[in-house]
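In what follows, subunit A forms one complex with subunit B and a second complex with subunit C.
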Partner chain A sequence: MASAIPTFTKIGKVIRLNKHGCTNRPFYHIVVQKTKDNFDGPVIEQVGSYDAMPNSQNEKLVAVNFERVQYWLAQGAGMSNPVAQLLGLSGFLPNHPQTLIQSWKNRREPPRERKLQPIKGIAPPLDNPKI
Partner chain B sequence: MFARSSSRIFNVINISCIQSRSARAWVRKPLGSPMAKSKMFRIAPKKFIPADEKAEVKRLYDNYFHQMKSLRHYFFEQSLEQAESGEVAQMKHRLEEEEHIRLMEENRLENEKTAKLREEKLKIQAEKKRENILASLINKEEETRLYEIQIEAFLEKQKTTPFIQAENIEKAIEEALANPVDFNFAIDLDGYVYRGRETAIEKIPEEERERLRSN
Partner chain C sequence: MATFQSVSSVLQPVKMATRAAMFTFSKFRYFPILKHGVAKFSVSSNLLNASALEPGYSRDPGEVFFKENVQTLLERLTGRDCDKVFHNRKLGERLEPPKYELLTQAEVDHVMAEMEVKLKRKLQMPPLLKERDPIKKIYSFNPELQGFDDSKYVFINISQGITNRNREVVVRDPNGVLREASWEERQRMCQIYFPVPGRKINVPKMFEEGNIQSCLDRDEFEFVLDRACAQFDPDDPEYISVTRKTYDFVDENTKYTSLRPTRHFGPMVLHLVLSKKMDNLLFHFINSKDIDAAANLVRLFHTVADDTSPTEVDEFQLIENYIQGPALKKPALELAWQSFLEIEKQRREVHSQQNNASN
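Then we have the complex of A and B:
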């Protein structure tokens, strides 16, 4: 019965990545914002961060405040695809289909030429940096 | 409008709101301009996705959205439960209880005060009422006494008036026949009787003047 469960009306707020950092060094804040606002506009609450550049251990660090994310999802906030993927990888939400699709595409195609080289020394270099 | 480097205002594109000395950013090709030579016979490549892959993608997305919907509902219900039983709610509840008790106490004291005042007022009123009732009773007694006296006087008068009894009847008839009463007379405002044709009392001599008196 569709009438038994209430449908969520859009509240105009969304959880998404805001790009900060500088040239050739992106750094994302996971942020709750009104949909209309710009990336550099007013932010309701910062709910985590995502570092797109792998560190010396070849890890991309993600920080998420799961309690607040749950609160905002309960209020009816939307989510952008990257945020949904990150939360799926973390285990808080089910895996986003995009992660699975991307992974089988990566396995299928050969890697393309990249400007930035993976960091050599501690972790071994990868043939396919997409995996 | 937000300060963007290039904007679309009233369908005029590629205008910037902020003055800047660097190169103007390109939003899109103006709508009336012709197609470039390099793009005239270009056919955009369409991605071919096999049917089974499409089906798999659709299945994945359907499952994902289904799960996300149920999760959102679950989170919503959790938030409702938390709102009722969480710390903030408990503190609010406790504060409300205290407020309620305080107000009830205040109300009780106020009620007592007004009750006292009311009692005093009622006492005074009762006293007044008692006095009124007493006065009215006394009045009533006085009135009944006077009324009885009046009745007595009236009865006395009635008794003394000469009624014709069964024994006196023949005597009364003979008396009435012997003394006929003539009502053919006029009367003055002062009570003077005019039996003749005179209309002024001065014309009638003193000895013959009659006057009716109302007793």
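Then we have the complex of A and C:
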């Protein structure tokens, strides 16, 4: 089923991540937009959000309005790669091949760790439990 | 007074139950009456359901609480002290002085009818339920996804038109398991994306062991119970433990008057009846000469114990039979009852003397 839905289209409407937030603190809106529009340009509908920074419980929060996503997919909207991956992780779509490839690569060679220094007096460093 | 009677008979708790509507009122949350939700919990021989029976409940509280006769008895026990129900609460909001208006009788009746509705809302009792079973559903297990990330991904469905109780919240763990979120995760997510006023995302420190005790020692029962209502769902194990602790503390120290006109009195009474601790309360009623309340309490006991409504019409006889029969603290109750009867006899004598004198 996933192969029938184009995950990238050159024209038309697309469901993708728009990066908001600020430096060193990304926060994505899952939006439906025309492909040619900028990330800060007109948005047809915001259909969810994705917080890329894990919280104190080591969770990344993703809110998706699945009803509207279904509607837009039925209307012929495309999906960007990251959105398709997220929806695959959520169980709405089958697992994206890119997720499988990335998992395999990470297991073979762990990803480079960025040296995040704790900001004194404000937040402790992130706890990164390995699998 | 006839108008009050007709209005209260219209707004029966059964009608509210079938609607199962969500009441929200400024800072403190009122419950949807989970009538259809309770049906799922009712009869099961599952070992997990024994947890509600461990603290000494004789029956499943969810079954008993929603019965019409139990509800009417609890409402009668709570009473309707308008001054205390509508008292000004210190919530950090601006308090307004009372308004005085000149009205015709018809307008007064209209306002009274509105007040009835508000009173019913304010006195809506938070239900007494069994502890909920932990969620254990797993949707899929994909070990090939291990390593895609170090953190969990929590997905919540923010579609319109579904209640938070039915909202889909799933978690993809780093080991590749896709499961339904646990109750704590689910509540946290719903509070983040659909905040309920008065509720914090993480459980407040007030509900931890030592901190509750210090609140109770300061006699802040209504505050603790109201905050527990706002923070938790009624079948949350934390809610049940906090409320039980409060009820037991109030019972041990016999400080019923502060909770009497509130919406928490009904559930507290039912809790005491179910855990067979109602004698202190009966003692309190007899001492304060509130015979109606004492009789209603005994009727409630009979309804809960074996679904019977006692046949005695005379309230005094009803209470006597209870004290002679199923009561646990017989000596104290008998003493109180005897002294009450004597006072009652003297009062009647004085009354009849006065009548004779006036005649």
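Assume the second predicted complex is superposed on the first by the 102 of 131 C-alpha atoms of A that agree within 3 Å, B and C clash if a C-alpha of one lies under 4 Å from a C-alpha of the other, contacts with A are read in each partner's own complex, and residues count from 1 in each chain.
The criterion applied here is as follows: a residue touches a chain if its C-beta (ideal position, glycine included) is under 8 Å from a C-beta of that chain, and two chains touch if they have at least 3 such contacts.
Just so it is clear, the structure is predicted and the values come from calculations on it, not from any experiment.
S.K.: Should the pairing of subunit B and subunit C on subunit A count as a clash or a fit in the superposition?
M.R.: Aligned on subunit A, subunit B and subunit C fit with no clash.
S.K.: Tell me which touches more residues of subunit A here: subunit C or subunit B.
M.R.: Of subunit B and subunit C, the partner in contact with more residues of subunit A is C.
S.K.: One more residue to check, A:L100. First (subunit B), second (subunit C), both or neither?
M.R.: Both partners, subunit B and subunit C.
S.K.: Give one of first, second, both or neither to describe whether A:G76 is in contact with subunit B, with subunit C, with both, or with none.
M.R.: Once the two structures are laid over each other on A, A:G76 reaches subunit B alone.
S.K.: If we overlay the two complexes on their shared chain A, which of subunit B and subunit C does A:G41 touch? Say first, second, both or neither.
M.R.: first
S.K.: Using only CA atoms and the superposition described at the top, report the least gap between subunit B and subunit C in Å.
M.R.: Between subunit B and subunit C, the minimum C-alpha distance equals 12 Å.
S.K.: Could you list which residues of subunit A make contact with subunit B in one structure and with subunit C in the other?
M.R.: 95, 100
S.K.: Provide the residue numbers of subunit A that touch subunit C in the complex, in ascending order.
M.R.: Contacts found on subunit A: 48, 54, 57-68, 86, 89-91, 95, 99-100, 102-104, 106-107, 128-131.
S.K.: Quick one: which bits of subunit A touch subunit B in the complex? Just the residue numbers, please.
M.R.: Spelled out, the residues of subunit A in touch with subunit B are 5, 8, 38, 41, 70-71, 73-76, 93-97, 100-101.
S.K.: Per the contact definition, I'd like the list of subunit B residues that touch subunit A in the complex.
M.R.: Against subunit A, subunit B makes touches at 2, 57, 60-61, 63-64, 67-68, 71-73, 75-76, 78-79.
S.K.: Which residues of subunit C touch subunit A in their complex?
M.R.: 139-140, 142, 144-160, 168, 170-172, 174-175, 178, 185, 189, 192-193
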